[in-house]
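Before anything else, here is the set of structures, which you'll find just below.
Each of the next two complexes has chain A plus one more chain, namely chain B in the first and chain C in the second.
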Partner chain A sequence: MDTLEVKQKLFHKLKIGNFSFVLPAIIIFSLFNVYPLFLILKLSFFEWNGISPLDQAKFIGIKHFIEIFTNDKLWWQSVWHAGIITILALTIQNVLALLLAMAVDRGIRGGNIYRVIFFLPPVLSGIVIGLIWQWIYNGHHGLLNHLFTFLGITRFENMAWLADPDTALYSVAIIHMWRGFGWGFIILLAGLQSIDSQLYEAAEVDGAETWHKFIHITCPLMMPVFILVSILTILGTMQIYDLIVSMTNGGPEYYTEVPITRILASMRGENRFGYACARGLVFGAMLLILSMIQIKVSKHMQKDL
Partner chain B sequence: MKRRFFGYFLSIFVLVMIVPLIIGCSKRTSAKSSKSIIIWHWMTDRDQTFQELAKRYEEQTGMEVKFELYAPSDVYTQKVRAAAQTNNLPDIYGILGESQDISIFVSAGYVPDMTPYLDENDAKWRNTFFYESLETNEFKKNNRSNIEPGIYGIPIDVTNIQLLYNKDIFKKAGLDPENPPQTWEELLEAGAKIREAGFAPFVAGFGEIWLINSLTSCFAINLMGYEKFENTIKGDVPYNDPDWIKIFSLFEEMSNKNFFISGIVSMVNKQGERYFAQEDAAITYNGSWSVNVYKGMNPKLDYGTMLPPKINPENPVMIQGGAGSSFFINSRSKKRDAAVAFLKWITAKEQQIFLAEKTNNLPSNKNTFEGGADSLLAEFVDDMDKMFHPQTMDFYEHTRVLEKIAKGIQAIIIEKKTPTQVADEVQALKKSLMKK
Partner chain C sequence: MESYSILKKRKNPFVTIGIHFSLILVSITCIFPVAWMISSSLKTQEMIFEDMGLIPKTFEISNYTKALIEGKFGIAFFNSCFYTVTVIIGVVLVSSLAAYAFSRLEFPGKNILFYGFLAYMMLPIPGIFLALYVLVNKLGDLTSFTIDLSFIGLSFLKDPINITIIGINTRLGFIMPQIAMNLSFAIYMLKTFFDKMPPELEEAARIDGCSKFGVYWHVALPLAKSALGVIVIFNALTIWNEFLWANLIFSDISRMPLPVALMKFQGSVVTQYPVLMAGMTITIIPIVILYLCMQKYIIKGITAGAVKG
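Right after this comes the complex of A and B.
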């Protein structure tokens, strides 16, 4: 056996050995991610009640997808609602998170306390947060209305914020932002702290103003972090569910319905598992496209900067 | 050395992967011992009582009964469905949902017909039940689901939904607490007086579809008669019929007269129960199970039951009710006879008295209250003859139509839609579903 042959044999052995380390992850990933995805894809072409044996499911082709795109006004309404909350979260929530992260990054007194305080809402259960805020927003004994009355604003006495179609969605959106803000804050702060302070010092020597430092140093270097926070915000907000269920249950009427509540409504309420799978796939595809567009746009912006 | 290491690694990995799979896929339909049966349920409030009954049953018969609680109800529903798909149902279990849900389990072969057991010995077991409680679990001839006629579930308690009123608030509002309003006009008048006294007249979990639908059905049956109501579900009477518009208008009238508590349209039943228990509102719409709930929330609450108001004096007032919680036997269980024996035992008078005393639920055994009962429970029992249940009808309404009705009523209450608009929308949906 010559040296080359020995080397090749050793290489193959090592390859198998290395592969065996990755194998558990591949199997687990395939079993719990790839297989369910294929099952969802398959079920979306079937009419199935979710209980009968799968072989009793009826193949209906792309009928579910046709129904979603041509005759499911409620679904698109729910997507629009989630979209509104997402736009608010992307702008207000993330801008606020960035401003506060910058403040803490400057080494203001009690920075660690702020970190803990801002990160408290995200670690609480969504259902618990929903129930607490439901009580605060309550029209009868709500803390918010009491506060307004205390401040001399009597206009909102008995105002049921979560039962009024004009305020319900925005009331939920505010709580969602309050809850999600901590994540953005922590990630953005970590990003800011990774920027070399010498860059700012050099810019100061060159006479750069705060705004210029932000535009020409912070923004370009933070772009990957901005992309990450934006994608997490979009994915997290579009899939909002626990707050909706605990605060409004989709009501009043359909004013706070979101995609996940509609998917569950078709699955549990109507026993249409196939249709729920089709809705899930359409929703997943939408999020994927959105994320891809966002990555592309952000990369383009990064180049410009 | 390296080879051996990889060998060990792969063996451990295979073990780690396979053992949980084997455990996970092993059948749990029956306990290991032939002297035990497994029951799945979701009733958190009754779990302790069930455990006590299981202990008693084991002492009496030597058969071990394991009650396994899975809560909340959403989780339970999911568990039962998953178990059905993987053929892992226990010996006895409950099915949460409407008759459509039960029919799916029956047609998939997971539930046996209990009629032969009920009819043994001159229908001795059947005759112990309130008729209405069995009817809820019955599929009659020519039923829409094409299920073989029979009774498929055994009710362990019964329930009905009525208006409840706070006697203390009634007194404060100058109303007679022993003579609650009986007609529509009297109800609205009482509401005005209650509002004047500084209380909200009415609270209920109108954020929950089933509760709005239930009250709407009561109004509909009284206003148009049972037959016309059933014909609407059948599709022979449209939802934009003047009678239906009038029913939707009742909610508009209540809203206009400030009858509802603020925020009622997004309120879940639990919240509604809290407001009634805290004496913020005078009247509520809730089921007999709430006796236990209010006892826990405010033991001093002084309240009574009253029927929904009479809108049309020519038709009787009916209330929704039937089987409360029912148990179903797994048709693939090897211990079917033991399971039947246990269900016979738990629905016998002695156990039913124990259940009623401990949980304040109405027993399904009609002989339980021979000798007196808690006065409030007795009030609910007194109206058992006025019960109807959508599940006992030959036709049942599509869930999407029910959702549309409830959401439409929410829209009427918040003044976003008119009764006619809602009626037209519901009818349009009904028509499209009928076409399908």
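Right after this comes the complex of A and C.
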């Protein structure tokens, strides 16, 4: 047997030809996804300014994590801010999305047009949305205050919605919900449409009211979809960034700081790269725990039904 | 045939009117800010603070030429198109090759690798850009070289030229991490699609002497058109609107995509609002057109995701 034949046999045995199909994906994935993950893990244990050569970074153990949990008020404030927006989105935005989805579900004229329109805000760049609304919210020449004046409401005259500590965060939250409800709407609508209409028909024959149908048919069948929408809402809202940058940039003072702007601040403003990595890890772990709790809850609830 | 849903719409005309009324109200809030932005892009800088009307009294088309040339949104527009197209091509090629192998071919470590991709898709890593920055910076040192062409004697070549293939402030430094970010979802999506596809056509092509790659390229890929449509539209939305990573790595205005250029323009000394609004209009036009053309794929993609849960 010559060597060429041996090589060919080995080639077939190890399926190297097949393996080459996944090779590009593996290379790109390892270099730009897996390696960075380990790099963040490593750097979070080092004091490094992000500028000097990496090998000058100083190992400091878990000091960064201790600092985050004991002495980082701004960080937890930023988490709280994102948390407030998330709670609002989970309730107001998703209830609105569900109501709209139920309204459009089956037997309404123009349902498809509404669907196209409601998904328009999610299509637009967060920066564009932020810049439009920043201007609408403007105290002196913003459209919103002009509208109030026009309606004869003088309470908010020259009110700078995004510059006032009392209103800034909620003003951003409203726009975030405006931008996001289309996602929930489309997913919930797809879920509603997969429910067998015979179930509703049978319930109606039995004389069930709309409320009963909602509690006994829609809710249990939609539970997996509800959980999916809430996970997506939590992950999307906690990581809010584009809107903050284009509307308030974290201000006034620190009243609209969110975790991503804080991570960036420790990376660039304070030149504490290792600390930024530690913040990123803590934040990632929090998001992971939140979504795992939701999946557990959904499994538990489905068992009960 | 009458179709039942939770609401008894057909029975009460007042309910139907009420539903339409609220749906139209919500629709107006969705469209109005965009319409107002377009209208403002046609006003003059003096007028824009006075005239709040939706229909502009003038049509200052010059705002658009100003935006494209002075505001550099022309270059940014090209950049955005370039990045979106290249990332999508990259994602589609790399993910479809891998997904095809995961679905149809045998090789060592197949299951572990596939679950690796899946697990990564589920894992939220909000700080990934930090490590990517370090990585791309390092790659910049490794892939930089200098060419000295002064021996040719041309005046514009007398200085040595520095070339960085992939690094901070390079196009590939934006493109490669974006391909990687969007790979997992595409592999998952295409793998489930190939799994459901009947293999007879491919087997016939194999018997006719087509190579494995030939079957993938000529048979499987064209059949996966609807799954590819989903991948194209979702990736287009993500990449066209991407801000965080682009803002981190581009300092050179000639390479910035539209969202970064907008923020840069907005932060300049005196903001010319009508020109900014023109830039914003330019930013949304291509993606809105693409969305309107491909919206059935959005619903398809979401339905696939929602049913899977």
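Convention: the second predicted complex is superposed on the first by the 268 of 305 C-alpha atoms of A that agree within 3 Å, B and C clash if a C-alpha of one lies under 4 Å from a C-alpha of the other, contacts with A are read in each partner's own complex, and residues count from 1 in each chain.
Simple rule for what comes next: a residue touches a chain if its C-beta (ideal position, glycine included) is under 8 Å from a C-beta of that chain, and two chains touch if they have at least 3 such contacts.
From a predicted model like this one, the values you see are computed outputs, not experimental measurements.
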Room on chain A for both chain B and chain C (clash or fit): clash
Chain A residues touched - chain C or chain B, whichever exceeds: C
Which superposed partner A:Leu281 touches (first chain B, second chain C, both, neither): second
Which superposed partner A:Thr218 touches (first chain B, second chain C, both, neither): second
First (chain B), second (chain C), both or neither touched by A:Glu270: first
Which superposed partner A:Pro24 touches (first chain B, second chain C, both, neither): both
Partner chain(s) touched by A:Ala103 [first = chain B, second = chain C, both, neither]: second
Contacts of A:Lys63 with chain B and chain C, given as first, second, both or neither: neither
Those residues of chain A which chain B touches in one complex and chain C touches in the other: 17, 21, 24, 50, 54, 141
Residues of chain A touching chain C in the complex: 14-15, 17-19, 21-22, 24-26, 28-29, 31-37, 39-40, 43, 50, 54, 100, 102-108, 110, 114-129, 131-133, 135-136, 141, 143, 146, 178, 182, 186-187, 190-192, 194, 197-198, 200-201, 204, 210, 213-214, 217-218, 224-225, 227-228, 235, 238-239, 241-242, 245-246, 259-260, 263, 267, 273, 276-277, 279-281, 283-284, 287-288, 291
List of chain B residues in touch with chain A within their complex: 2-3, 6, 9-10, 13, 16-17, 74, 77, 81, 84-85, 100-101, 104-105, 107-108, 110, 200, 207-208, 261-268, 271, 275, 280, 399-400, 403, 407-408, 410-411, 413-414, 416-417
List of chain A residues in touch with chain B within their complex: 13, 16-17, 20-21, 23-24, 27, 49-54, 56, 134, 138-141, 158-160, 162-165, 168, 247-249, 251-254, 256, 265, 268-271
Residues of chain C touching chain A in the complex: 2-10, 16, 19-20, 22-23, 26-27, 29-31, 33-34, 36-37, 48-49, 52, 93-95, 97-98, 100-102, 105-108, 113, 117, 120, 122-128, 130-135, 138, 176-177, 179-181, 183-184, 187, 212, 216, 237, 240-241, 243-244, 247, 258-259, 262-263, 266, 273, 276, 280, 283-284, 287-288, 291-292, 295, 298-299, 302-303, 305-307, 309
